[in-house]
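Which chain is which? They are A, B, C and D, in the order written, and residues in each are numbered from 1.
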């Protein structure tokens, strides 16, 4: 199902980087959810480029909810959010049509859509489409909070610098909940920023690792085959541009552990069943086990750099170079954090709907 | 969609570890595909435990195709494959019902299915269900080969020992195509086996990393949002029991690279557009770019070990221990290799169907 | 989604008329439902040909449930039912491959499956596939009854003879619940049987109208657009071979009524909101309104008749005749009644699951 | 799938009668289709109320395509069409919230959405939502015509007056292709209009029957089980407000025919396989047979009439009356004709996409 995702809650994305408006349709929402437009505006603020480590400051994204809300609450009908594209400098990109940028969708979209795809700014493939996705999460995050579920994402590693591990999850989630550059250790954050700026000075870019935690989930969400929690989440997460990997719990480090080291002993804590370690990241057999859901994604260094990149002119078949015009983020990982939180929130709300928990 | 996966080709799994039969239904197959039962039998052979590094030798899986085939070819109607469960020692497991095994689905299934799940041998969550999935691939792999597409998986790392990297893809794929323990460097394979046996002697288990390569895909498969190639594949791959992470191309290593290092320059090679590196693993913007599709998964050390594991008796709430009875694989990664090839083949065939290429 | 139907409960059909086994997979069932094999056997009995008005008596359908049930209750995992094809006289049909029978799927299947479809007895298109569909209903009908929902279908018209209208719904549903020839007025039933036998003596066949009633549904099931109750039911009902039309409530008669005549006034009956007429058949705006859900389908006279039918030999392009060999039902409407009840029960259970009512 | 319909082409509807904008998202369109905005405008014109037999004249629907089109052609990305609601007199309806109108979704929506549905003008259930559906068809109808497929709908019966039968399909389809009141026999059309006006003078309304014909389809579209052509079309058609029945070919009249009368003999016509009658309406075994696809729907008399209708005040539980304020169509069947053509076009395009024919 192309540009629609979800089982109980579906989100449909539409729009292009340089079209008049982009947007999404959320369908399956419970009726009666309070809609907090300031919450949506704040999420869009967290997603926007922020100063020196990102592209030059742009204005806030205005947005309009054109359906599915009445008297401040969801009606249960499809909720459509529209975001106008206010800055459209199409001229910057039209000349790229024949010289696909390495690491972008230019060439693959050209083939798939037989030359008809809108090439301006990546068209429908643009990271700009994560704005309506983020706005959509502004509808469900308050509902998750009301159900005792909290979602947060931090920059666990960037440009070779690692943040400290999560410690007190509750306090750590609170600390990053409204951060434009979400790290747990401010000093490490400063090191990351310096490394990003150093790359920017070189006309280059850097990558990073994002770690998401979801607390408060009940046990038993997900399905044994195919619609595992890991499968549903990863399906969504690879839509975040630049994400090239995802791991749950101890992830790839499990390859070098023994079973006796990687186990998560089960214990009773009051009346609750818990595990005393969390190598499985809160998922057993594809289902949540009520421990914190923990996963990491890798965000590749953005391929849009000032250095010339080798490509081919599709019209002539000759070698050519592309150079990114304008200003670009030297690292998109910090901005991708709120997108990852948003994407996770949509999947988690869907899982809870399926289990009749929201 | 619970136990059904796929868009153009769907696979539906059913059965339990200790039920009379397990099976799958494949729907959407092109009519007229030759059905080679020996091919299916061989895939099931590769999946079976094989000697010292796995559980004690068992008999081959018999199987029956009960629909969708006439006169040796697919008809286009749903194809159902049934595999009887010949060895059922239910007694081994019934006592586990109240003492969930750490790292397994016992507890999460207990919650999800309110105590009604079949607890014998993991029930519907059993890795045994990968047998019909593997058999299903026996239908589509010959069709992929006829379309010039080859799929192979090797054990890239196991018990701390790394195989050599892929070199000549064509020769390397041929070398592992019929291997029970698929590694490129036999000496490294021996080291892995030794390490597995050492863990087994300790009553313990080890994990590993599987690497899959798909050659011969056209450009433009996949979708920009949600149904990216990475998203569809990962959704499927997390159904392979014990898989806890997936990464494409350079994967998590991209976190520490700069954009100028991680780029995949585009070049013309004869009339064909290629990239001269493959950090993106054959996928740009969620779509195939006609370079080899490359990804790795991590397989956790199996939690079924001879050492006692701490758990809770759900009936009494008291601490308890579970000990794996019978014989168990000290490492399931080698057997999971053919399952990963099978799972990949099903997704790839679906993608090619959608693009009208098979 | 080809041979799979449903949103919350899915049913997947597989098999061919002359293959070894036919069957279905039910997925999404609540765990813990009691499974009554005698109930399934009885539904299959009602579906079987019964004497003079149908084909010659055949043996009961044996069936096996091979997954999804443990200790007499559903586990919540996919439930697969298999029914062996015991009588397979393939020779009867092979010669039909090149001379498609008018009114059957022979020609259209030939085109769709490029000549690879199994032509024996209609292959996958055979009405025989309604046996597993009927068996599947044996799982959900007891759950519906437990939820206060009753489903029944009667032969409202056959061979030009009309049954009396429904009067006391509860008594009428009880009266037809176990009838092989379900009519409300036995005298009219005898007239129908006579008319069927008269047609049979002429080597001909007759059609009929089936009316289904569902009592006990809550208000609010269904969706406003696309997944209306009428849309979901009709989608399923046209899978019953020979059904060519469906109408809800007053149906086509509404064309000649005025709004003031066709209205369903709303009233309070105790604490309950009811309508004092039911021209809308229990559905308003695509949603149930808690009044009885009432609809009728038309079942065409079976095209399999002893009289020769004009066709074309696909191999030579020459005009030809086909004559139905063996014995055939002169009217399939009576047997289709239980199939319609079964199909309805599956859709209704799905709707109730979606509304969290079962 | 709630407000989304389709397999290869999906359409998602959103909006409410009195919200700021309504619209739809079309996904799965082939890239490169010419987009003719005048065609869309003309379809919307045909759907609008037209003079004496409908509500008072309103202004044309403006519309905007905000995505999926570049340089006048579809890009293959989701195409979103927005239509502003220019006339919103919310006050007219707010007082209806507690007194549900008989025959409308007011009560059922109230229950389903727990009192949160937008009650103004029917909210999301409003027939107004057929405007974006009709606009969507403006994208695919030219593509169907380019593939040799023509779709048309006429008013076969209205207020007890029958139009003449179809004769020369090609000429008849041409005659009704741009008609606001699509009948084949103008004299019968005048009788219908008179009868509609007579009902209007009485403060009452009338119903009708719409007949749709699709010419030029290839054989083999559709699926044997569940996704039959009849099943897919009827699923969509019941979304047209007021449709309560659908019949294919000879439809309900088949109940009284014998098999020898209802058969469609197969013949060769040049190199083409045809049937010399069309009682099956172009569908055998759920698949198209390349004969004209023919079906009829019944449109109930609109329940919105000037005469007072009996209802219940949900706040007090007391009997009450509702009277339709403002002006209303005394018969919506003529306007529903273009909606039925549009709905059919979307399903047919989906079927052709699946068969790789567009």
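Just so it is clear, contacts are C-beta pairs under 8 Å (C-beta built on N, C-alpha and C of every residue); 3 or more make two chains touch, one makes a residue touch a chain.
All of these numbers come straight from a predicted model, not from anything done at the bench.
S.K.: Please tell me whether A-C or C-D has the greater number of C-beta pairs in contact.
M.R.: C-D
S.K.: From the C-alpha centre of subunit A to that of subunit C, how far is it in Å?
M.R.: So the centroids are 46 Å from each other.
S.K.: Per the centroid of Cα atoms for each chain, what is the distance between subunit C and subunit D, given in Å?
M.R.: That pair's centroid distance is 27 Å.
S.K.: What parts of subunit C, by residue number, touch at least two of the other chains?
M.R.: In subunit C, the residues touching two or more other chains are 1-4, 13, 77, 112, 124, 224.
S.K.: In graph terms, with chains as vertices and touches as edges, which category applies: line, ring, star, complete, or other?
M.R.: Graph shape, chains as nodes and touching pairs as edges: complete.
S.K.: Within their complex, state which residues of subunit A touch subunit D.
M.R.: Checking each residue of subunit A against subunit D gives 1-4, 10, 12-16, 19-23, 25, 27-28, 31-32, 64, 66-68, 70, 73-80, 82, 112-118, 123-124.
S.K.: Please name which positions on subunit A make contact with subunit C in the complex.
M.R.: For this pair, the touching residues of subunit A are 77, 224, 356.
S.K.: Under the stated contact criterion, what part of subunit C meets subunit D in this complex?
M.R.: 1-5, 7, 13, 100, 102-109, 111-112, 122, 124-125, 129, 157-160, 199, 202, 204-209, 218-228, 230-232, 234-239, 241, 243-252, 254-268, 271, 273, 275-276, 279-281, 284-289, 298-305, 307, 309-312, 314, 317-319
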